[in-house]
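Let me give you the structure first, and then I'll get to my questions.
Chains: A, B and C, in written order; residue numbering restarts at 1 for each.
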Amino acid sequence: MAGKIDAKLAELGITLPTPMAPIANYVPFVITGNLVVISGQVPAVDGKIVLTGKVGPGGLSIEQGQAQARQCFINLLTHLKNACGGDLDRVEQVIRLGGFIAAPAEFSQHAQVMNGASDLAVAVFGDAGRHARTTVGVPSLPADVPVEVEGMFRIA
Amino acid sequence: MAGKIDAKLAELGITLPTPMAPIANYVPFVITGNLVVISGQVPAVDGKIVLTGKVGPGGLSIEQGQAQARQCFINLLTHLKNACGGDLDRVEQVIRLGGFIAAPAEFSQHAQVMNGASDLAVAVFGDAGRHARTTVGVPSLPADVPVEVEGMFRIA
Amino acid sequence: MAGKIDAKLAELGITLPTPMAPIANYVPFVITGNLVVISGQVPAVDGKIVLTGKVGPGGLSIEQGQAQARQCFINLLTHLKNACGGDLDRVEQVIRLGGFIAAPAEFSQHAQVMNGASDLAVAVFGDAGRHARTTVGVPSLPADVPVEVEGMFRIA
């Protein structure tokens, strides 16, 4: 019996992958009180990096960057669902997203790229998806991915 | 009837602008429990970017960077006041500031730049303004601003 | 009478330095509720920077970067112990580590570098040391250090 958020994901055509087992001494998420703190997610699809490089002049387009930011949020959702014991309807609030955009010094459209994650947050959770956000550029990210997004959530 | 913190701001010659309405699917702040998590602020003045570029050799001076960091904290205060329903005397603690300084690889004086925000925090809130802080360099920031500062606060 | 965690540190050959007094308007840590938020730590040894530069091609090796990340975690522990009134056995959970690796645009092994901090967290705290983590590249860090790590912890 799927919940409301699962139904919304299906409506958006989003299937959450099985979360990967942790491969290091850090874990995908930590629950403390009613907070879920989720590790920075790269835009892997089913555990595979599909696009590398930087966003901006001579590199990936804004639209490509947005799609990568959106995929980072899907990966956050995968771990969030696990943190909720499978029931995403327990999510009360997307508190904060932190977005890191790999880009050169002359890039200035980080906010547009990060909207790929923010827009999906609101599409999935409605008003509870409206979050505080910090977006910055970085010269490089793990595995040469173009975007990384971390998140903090409140659950019931 | 202005509060103690409002009086302190007046004494410092600081007028908080009217907070801008959110223009995207993220919001200026989220309150969770007694925590206020505020989005990364750029050093806009009354909603307008007044200075762009990088801090350091060939770019903005340390003093210019400090003034920009200070303006970021003023913008944090604007949203914090809104989060407090207008009463900044409800602020119990500045918990954490995160500072991002747009600068080239050879720059090393990030801490001095960020003091523009930290010094104002203590000027306004006294001991309650002493905060944990993380300051790093970045190659670029949204809208080509030189400094971005995010914050977490505890309110009564 | 040393606690369990102090004994583990001794077993690992780690001596925590005396925490330095704060030298600015920010402080090493803030306690809020049962959370300890610790400022971004540079890999100073007894308060002295021992290595500067970037990690990656033409700079420091992965192994050097890992050692620096490990030192950042030792410095986090120093402040954490202070936050616990000297009793590290009060630490219930390493919630989150944020790692910033100074590296050029072509660098991609940030995760390996950050393992220097993550591995020590688990060596010291066991399962309670498994944490959420965000690791990114940056062009430059304060005082030209190669790694900076911030942390959030839950204490009893």
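The rule is short, and it goes like this: a contact is a pair of C-beta atoms (placed from the backbone, for glycine too) under 8 Å apart; a residue touches a chain by one contact, two chains touch by 3 or more.
Predicted model only: the values in this text are computed from it and were never measured.
Superposition on CA atoms relates subunit A and subunit B by a rotation of 120 degrees, given as a multiple of 5. Homomeric contact subunit A/subunit C is classed as different-residue, with under half of its interface positions used by both copies. As a whole-number value, the distance joining the C-alpha centres of subunit A and subunit C reads 25 Å. The multi-chain contact residues of subunit C, meaning those touching 2 or more other chains, are 104, 138-139. Of all the residues in subunit A, the ones that touch subunit C in their complex are 22, 24-30, 32-33, 37-40, 54, 98, 100, 102, 104, 138-144, 148, 150. Touching subunit B in their complex are the following residues of subunit A: 34-35, 93-97, 103-111, 115, 118-119, 121-122, 129-139, 152, 154.
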